[in-house]
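In order of appearance the chains are A, B, C and D, and numbering begins at 1 in each one.
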Amino acid sequence: MNRNLLRKKYDTMKSNDKNLGWNVNEMAQKVAMDIPDGAYVNLGIGIPELVAGYIPEGREVIYHTENGLLGMGKVAESQTEDPELVNAGKKYVTAIPGAAYFHHADSFAMIRGGHIDICVLGAYQVSEEGDLANWSTGNPDDIPAVGGAMDLVAGVKTIYVITKHCTKIGSSKIVKQCTYPLTGKNVVSRIYTDLAIMDVIDKKLYVSELAPGVSFEYVQQKTEARLN
Amino acid sequence: MINKIVSSAEDAVSGIFDGATVMIGGFGEAGSPVELIHALIDQGAKNLTIVSNNAGSGHVGLAALIENRQVKKIICSFPRTAISVVFPELYRKGEIELELVPQGTLAERIRAGGAGIPAFYTPTSVHTSLSEEKEQRDFNGKPAVLEYAIQADFSLVKCLKADKYGNLTYNKTARNFGPVMCMAAKTAIVQARQIVEPGVIDPEHVVTPGIFVHRVVEISNPADESKLVAEKIRYHEIK
Amino acid sequence: MINKIVSSAEDAVSGIFDGATVMIGGFGEAGSPVELIHALIDQGAKNLTIVSNNAGSGHVGLAALIENRQVKKIICSFPRTAISVVFPELYRKGEIELELVPQGTLAERIRAGGAGIPAFYTPTSVHTSLSEEKEQRDFNGKPAVLEYAIQADFSLVKCLKADKYGNLTYNKTARNFGPVMCMAAKTAIVQARQIVEPGVIDPEHVVTPGIFVHRVVEISNPADESKLVAEKIRYHEIK
Amino acid sequence: MNRNLLRKKYDTMKSNDKNLGWNVNEMAQKVAMDIPDGAYVNLGIGIPELVAGYIPEGREVIYHTENGLLGMGKVAESQTEDPELVNAGKKYVTAIPGAAYFHHADSFAMIRGGHIDICVLGAYQVSEEGDLANWSTGNPDDIPAVGGAMDLVAGVKTIYVITKHCTKIGSSKIVKQCTYPLTGKNVVSRIYTDLAIMDVIDKKLYVSELAPGVSFEYVQQKTEARLN
């Protein structure tokens, strides 16, 4: 699926719900604005992938995909798809001039050795202390699967989370303490939701930006954790 | 004289014994040594412990090996995919064991197995349920868990080019676990798209030096596993 | 936009501060970044801790840096060569510290520093005087010692080709410590024989991916350190 | 220095001393006879390098040099010397078709991971238990230097030692216990000297071959350790 199709899909999702605030593309754009020129970035599977479409002109960002490619380019056009050139989400991608392939231990040396500047991840829950839960619902019927999530939060310098503020049934994903199994503790720096952007500073949450038409009180009302 | 080339996938997997630990390369379908896995199904070794990033998709490759009840336990990071049905079913029935390992820790444990490092510390998985029973220790005030090397009796790996010494190159992101799995196995078994004369691969471009490789078989038109999965093909229909 | 190319060796070593830990590539003269070391002599940073396989030969490169009294301590595996006079003299006078590390442990500790592994176990040096004060532990009945990662503030490395992203290839056995030293330094500084456009180095042939490299300077005709040593040249005579 | 010159040098040394037994070239030949077809071999600096010249016809041996080359060829001819293609002894060498270059951590992964079949080393002392001392005389005036010796004895499957039976002043190098600092404990499998070939089995020395004209009693007389 190319980037335009992916955008369209999420736009459609958005038009079906009645929330206030930013849609996923606007959220991705907010994240993109915070990625500086020259950054090495790893984007999680799903909504985080949208961020690449919104990097401002004049900034050069190098994408790492943990299955062994630095300098990942756009999603492949349908005629040029190569089953041996995929990203971590197993989508067919491309490589830029100046890319490099490497094996899995070298790839995770980049992650675990602190060489990646920014990782953008989705979340089930984020706590006010910056704890992240995004790999398991803890449901014993689910097949447990962790992938590279724990390596990313342990090793990447800055972790951004992009997520809907609340679950489909309306409960807050921004919580005092995660009830789902943790991916990592005190790892998240900033949270981008449809309602607000929040920074984790000294184990407290500070709202740095509100979505248009959204008040601080409204966000606090939708948030289990205390906002500042 | 050294010649690691064998003439068939059947010969390549010969000697894999019941109860063996077998590493299988690939990240999902990319780099999956489908023909070697299918030869292992035909060969029939049972009670295998498999080390692989995933647990197979559809009804071919690793999924077919599991479906054929040859796998006792799997050590992997991500056994769940949109199109995996075999592993989830057996796992829920309690008929296959799972050791879940973070992907980077998995790669590093395999490399350690190949590099003579019995164990190492890593901050990955600290404060999570995956490190609950693991030894923990602080380094400069930062906690890390002790992780042990993984070694295997056999590895099954797919590459692009190989020579008779076992020097290998890979194709793009199909490289993934291949190099470390060759290092960590007593017998590393490789299927190559092309076998070339020694020296054709520039010594500067060799990714896996031949010392880590024991058997090479040329499979010049390997099946595209992702296509087999999409077309819902089962391994015994391929022959 | 990303451009790691700097225009001179002087610019390349700027900011190396007194007391810094600096890794220097090379196995003896092969791969020694002579021009960068000489720029560091001109730059003048003092009290350096140097991590390098050897301790220099003759009166050029690392030996000249030591002779200029910029080095407080050296971490290496083999400080003695047939033509090393500078290090032995200062060492016997007690004017330079030495941490002697087995060569493989040195390479692995540097890799660990780059890969986020705070410490690992190895059987190397068990039952020897080099492990006397080290923590020891058995794995499957085989003793191993605990070794800690080494990280650096700066690395000085010589390579063959580089692009503006910092992707590198090396020349033959001059590769040696270059790739792991780039990984383990906050600022990896590289002298390249040739700077090429991005994409000229095939992504399959990149040895050091650009993420590990911070500054690149083209030195198209680097001095052959072994020749300088044989001719008994001193660094200040080269200018 | 090419192999022929190297041989000549050692032959000259030999003709100057009056010992019984094998000369260094004959010793190297004995080692070479024990290296099987297909072996991956690392040869220590100095006398062990002579072994490569005596591998019997029909056997293919791959040489590893720890500074990053598998498939080392002969010493370079003087016109083709490349200062960036050297062996661990810093001699100019060549690479065979089918060689591979790699970095130091990968090179020592071959050694430490048990992938090299045989390593041939020199010695200051070898004990009857197979302990090896070959890196330091313990003299406080000497500059300590270890290189890859401890990695090799810890990691390589089989360690052969090639050495003169006695020092220049006539004391035995085959000892009950090493007095020099150890390189490794219980690591040596077989010892090739000018007088005999000895196997280390269950911490005892067994003579498997005597040099022409040398009796068991004569070797025992020259040996501090007990021979069997």
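Here is the rule we use: a contact is a pair of C-beta atoms (placed from the backbone, for glycine too) under 8 Å apart; a residue touches a chain by one contact, two chains touch by 3 or more.
As the structure is a prediction and not an experimental result, all values here were calculated from the model.
Counting hops only between chains that touch, chain A reaches chain D in a minimum of 2. Chain pairs B-D and A-B differ in how many C-beta pairs are in contact, and the one with more is A-B.
Between the Cα centres of chain B and chain C there is a gap of 34 Å. Centre-to-centre, using mean CA coordinates, chain A is 29 Å away from chain B. Each of the following residues of chain D touches two or more other chains: 69, 95, 101-102, 105, 108, 111-112, 154-155. Residues of chain C in contact with at least two other chains: 108, 111, 115-117, 122-123, 170, 172, 203-204, 207. Taken as a contact graph, the chains fit none of the simple arrangements: neither line, ring, star nor complete graph. Chain pairs that touch one another, listed by label: A-B, A-C, B-C, B-D, C-D.
The residues of chain C lying in touch with chain B in their complex are 108, 112, 115-123, 139-140, 142, 144, 148, 169-170, 172, 203-205, 207. Against chain A, the residues of chain B that register as touching in their complex are 27-31, 53, 77-81, 87-88, 91-92, 98, 100-105, 107-108, 110-111, 122-130, 170-180, 207, 224-227. Taken in their complex, chain A has these residues touching chain B: 65-69, 82-87, 90, 95, 101-105, 107-108, 111-112, 136, 141-151, 154-155, 181-185.
By the touch criterion given at the top, residues 37-38, 40, 58-60, 62, 64, 69-71, 95-102, 105-106, 108-116, 154-155 of chain A touch chain C in their complex. Considering their complex, residues 1-2, 111, 113-117, 163-165, 167, 183, 197-199, 201, 203-204, 206, 209-212 of chain C touch chain A.
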